[in-house]
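Across the two complexes that follow, chain A remains constant while its partner is chain B and subsequently chain C.
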Partner chain A sequence: MSIVHIYYGTESGNAEMVADDVAEVLQGQGLQTVIVEMADIDIADLADIERAVFITSTYGEGDLPETTAPFHDQLVEQRPDLSGLSFGAFGLGDSVYETYNNGIDTLRSTLVELGARQLGETAKHDAASGEPATDLAQEWATTLLGVSA
Partner chain B sequence: MTACRPDQGSTASRRTPAHRVAVVGCGPSGCFTALALRKKQPDVEVVVFDSLPTPYGLIRYGIAPDHQGAKGVHRQFDRLFGQPDVHFAGNVRIHDDGPLSWNDLTETFDAVVVATGLPADRPLGVPQDPGATVLGSGALLRLINSDPDVPARRTGIPDLGQHIAIVGTGNVAADLARLLTKSAAELSGSDINDDARDGLVRRGVRTIHILGRSTPDQARWDPSMVKELAHVSAVDLRVDGVPHPDGAVARGADLPEDAVVIDIRFRQRLRRIESADGLAVVVTSTDEETEHNLTVDTVVSAIGFDLAPEHPVVPSMDADHMFSVGGCMSGRLGNLAENRKLAIATALAVSEYLETVPPATRPGLGGLGDRLPTDRTSFTDWQSIDRAEVERAAPDRCRTKFTSRDELLVAAGIGDLVRPTTDSPATHPRSNR
Partner chain C sequence: MTVSPPTEDLFPWNDEAFRADPHPWYDRARQIAPVHRTGDGTFVVLGHGDTMHAARLPVMSIVEPGWAESHPWQIFNSTVLSLDPPLHTRMRRLTNRWLSPKSAAKWSATTSELTAAFLDALEPGQVVDAHFDIGVSPTHITMCRMLDMPEGDVERIFWALWDAMLINATAPGHEIAATSQAGLDYLFAETEQHLRAKQAEPGVGLADDLLAAHARGELTWREVLETTVILYMSGGPNPAYLIGSAIKLFAERPDIMQVYRDEPASRENIVNEVARLNPVELIITRFPTEDIDIHGVAVPAGSCVKFPIGAANRDPAVFSAPHEFDHTRSPDESRNLTFGLGVHSCAGQMLARAEVDAVLTEVAKRYSGIELVSSPTEVRTDRLVAFEHMPVRLLP
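And then the complex of A and B:
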């Protein structure tokens, strides 16, 4: 069975926690997972990956966080063929700011442009809601791959 | 750094920890360090000390009470303290003149990480007439965040008056200006200390001058913070005299009659603060020749933070198993993201150091015996405090914090009583000061 790669880009660590949450759910479904920070992704490897989850926060004025931005820049520059990739997208943001959750939208549309197929809806956690991101992550990940627990 | 981190399985068994590490200061830097260290080395026991009975330092007492989303970072640390071999020891002061010294820690732990932050407001560094009221922004934010140790808790909530000058253009200046001007409705869902906030603005604020030395581009605050300030319903925000593009005037929004003018001025070099008739006169200059006088009720400094005057340096930092992290290392407060990076680097250094140390040779927390105060708080105690604060939340508030150490300890089930403990050999009176 193929491994699900869970990629996260974070500023304050919340997206990393969500990565742990998603991994736990998928492992509970009998899947193998690997968690990688986006800064450590080798773009050349990405074309061979079948299933992945991308988790990123939004930073400042709707920008990608420091650990997501270089990865996104490389995608845009190298334009790998991602037609073999299916992915889930999870964003973290804070609706105190206008540009709440722009980060994941930017990344998601680039992945789709490169041929990747999105699984399910983009999950968007709003920190200002006061609800734990973990709750949303667990709920979302449970149905993401259409595998019954 | 490795490119790939295999997931931690759920098979972790209880073993004797290989090493024991003390982290002093349970603010974000201390917690991020503990978290990164445990991820790197899951068999390390970590004890995070704090002088307050509650964990999370700046997250609880520094981040603005209307930025609950930013405070949500604590959930990462809640999870950390839920792990076996990660302990919180609150209400414990480490001081060379007290029962528990820095030396005690370095003898009982394999490594000690100092994460005591920058608790003091940086002085303005210009001549100040003692007749002028000059307050620190950090102390004010801690007051409206219910920090039990802030001096105004004892001396009374200061009256900031109707005209205020804030010196500094960082996020703390923006936080304070916003919190002093938001309407009750705009503070809905926060955990602001209403008595403190209302007391500070008891006469109704009319003008807040924000004075920055830099150009607009070089200001330290995040542009999103200024935008947020521009959207406060009662604020007429101007920058060097011009209405801010996101402000009420530019948006064509109605301003209430008691609107507050927030007047940001850049390129203002602070010269001195004089006093006249009980008011403060802020003297600035934009060039060498011309000085400008601004008369206000109160001046607030917001130019950064320093080590506490009573702890100008951390003792015995030359020991090779002592590490520092966060503000007390970098000399600047920074944001959570910056400090998380510093914490990851420090955790890596600690981890590399521990590889050179034989395992299981130092006793850790247990080795401190009765040098630990009996009224220290555990993470479970904090969870009791947390629940009690949420349960007693005032209408439209997400929590109502306790404002004194005594109240916090009572909520923790400790109070003035000597707590029966399972891991302390003998009971004795409160020993920490």
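And then the complex of A and C:
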């Protein structure tokens, strides 16, 4: 069985917590998971990955957070062929900002542009809701791979 | 909307009664208008929604305009406390990894161990200072472990910070500058001495990360020093006020202490509700760099805008029975401003929340109740509050 790679990019660490939540759910479904911070991804390896989950927050005025930005820059520069990749997308943001969840939208469009296929809907957690990101992460992850079946 | 006539008595910042409990004033002012302009041209915003929206606008600068007088707190001008993005972002990212939720969970285990060791050494019936012994001490030492620095004279550091922050009151008075400067001098001298020692003998803490960045030429010495002082001085006092407030609540409401012990799922909500009702820093101050509109009131660029946290946290438009403790509030009714908001929200809030939970859990699981031996004493300005003493007896 293939491994599901869970990649997170974060500013204050909340996306890292969501990565743990998603991993827990997928492991509960009998899947193997590997959690990697986006800053540590080797772009050359990405073309061989079949299933992944990308989790990122949005920083400031719609920008990518500290550890998503360098990864995204490399994707844009190196343009790897990602046609073998299926991925889930989870964003963290705050609807008080007009640029609510821009971060995951930016990343998602670049991945699709490079040939990757998105699984299910993009999950968007809204910090303004007051609901814990954990709840949405668990609910979303439960059906994520069912969508691809 | 029209602005209320300039008036001073709605917000008597230096009045003892106001400082002790500003909520009757906030409630009265809110009934008159949601936004006020005081006699000196300062705008005061009372609503939760207005604060949530306006205080985080990118044009709301934390940098004081040119008209502001010089004061001792400008010693932190190279830090997150005094910078706007993008300069703020660069400094904030120095500590992100150390203060993430995951790291906070890890370091709060240290707080639990320290608290457990203190409690287990107590004689039956022994009176403890819930403010200092289980508030300041374990949280300050946890921060020192994270920094990998000696804990120093914990009580002296606590009061040095209190003195230093007196200058941030709205009208501190001329004699306060010297008191504030003396507190800062002590904190800076202590911290610099520890940092120099670490340069000779590096460790594995957050302070070592900063020193390594300095060695690589990425941070100036001043940036390393100022940021380390902030962490070193604030690791104890801020969580300590929440711990003290929760202990006081447990003494007055044994039912809440029982819920804390028996229902772990409620703990996060209880800590959050304690935080809502008991902010430590009391006012967010910003200076718009452009003319803006807050609830229909025109606020010119360069104005001083105050957002009293206590007013937003108890806005009846958001919180039913706003002055009452109720940890069962819905998520919509629990979002408060005690840890600030936007880019300047408290960098250490995940650690503080985890530490408060660590201490309260250790207390709740060992004791059936808490008795206040005498009324807790507090020190207050309009900007800041701390407990002074809280003698309690922990009941078996």
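Rule of thumb we're sticking to: the second predicted complex is superposed on the first by the 146 of 149 C-alpha atoms of A that agree within 3 Å, B and C clash if a C-alpha of one lies under 4 Å from a C-alpha of the other, contacts with A are read in each partner's own complex, and residues count from 1 in each chain.
Keep this in mind: a residue touches a chain if its C-beta (ideal position, glycine included) is under 8 Å from a C-beta of that chain, and two chains touch if they have at least 3 such contacts.
Quick caveat, the model's predicted, so the values are computed rather than measured.
A simple residue count on chain A separates chain B from chain C, and the partner touching more is B. Contacts of A:A128 after superposition on the shared chain: both chain B and chain C are touched.
Touch criterion met: A:V36 reaches chain B, while chain C stays clear of it. Once chain A of one complex is fitted onto chain A of the other, the partner contacts of A:G13 extend to both chain B and chain C.
Of the two partner chains, chain B is the only one that A:A23 touches; chain C does not reach it. Residues 11-14, 16-17, 59-61, 66, 96-97, 128-130 of chain A touch chain B in one complex and chain C in the other.
If you check the complex, the residues on chain C that touch chain A are 52-53, 56, 58, 85, 89, 93, 96-97, 99-103, 330-332, 334-335, 343, 347, 350. Across the interface of their complex, chain C is touched by residues 10-14, 16-17, 20, 59-61, 66, 96-97, 128-131 of chain A. Residues 1-7, 32, 35, 66-70, 72-73, 75-76, 79, 189, 222-224, 227-228, 336-337, 340, 398 of chain B touch chain A in their complex. Looking at the complex, you find that chain A touches chain B at residues 11-14, 16-17, 23, 27, 33-36, 40, 42, 59-61, 65-66, 94-99, 126-130, 132-134.
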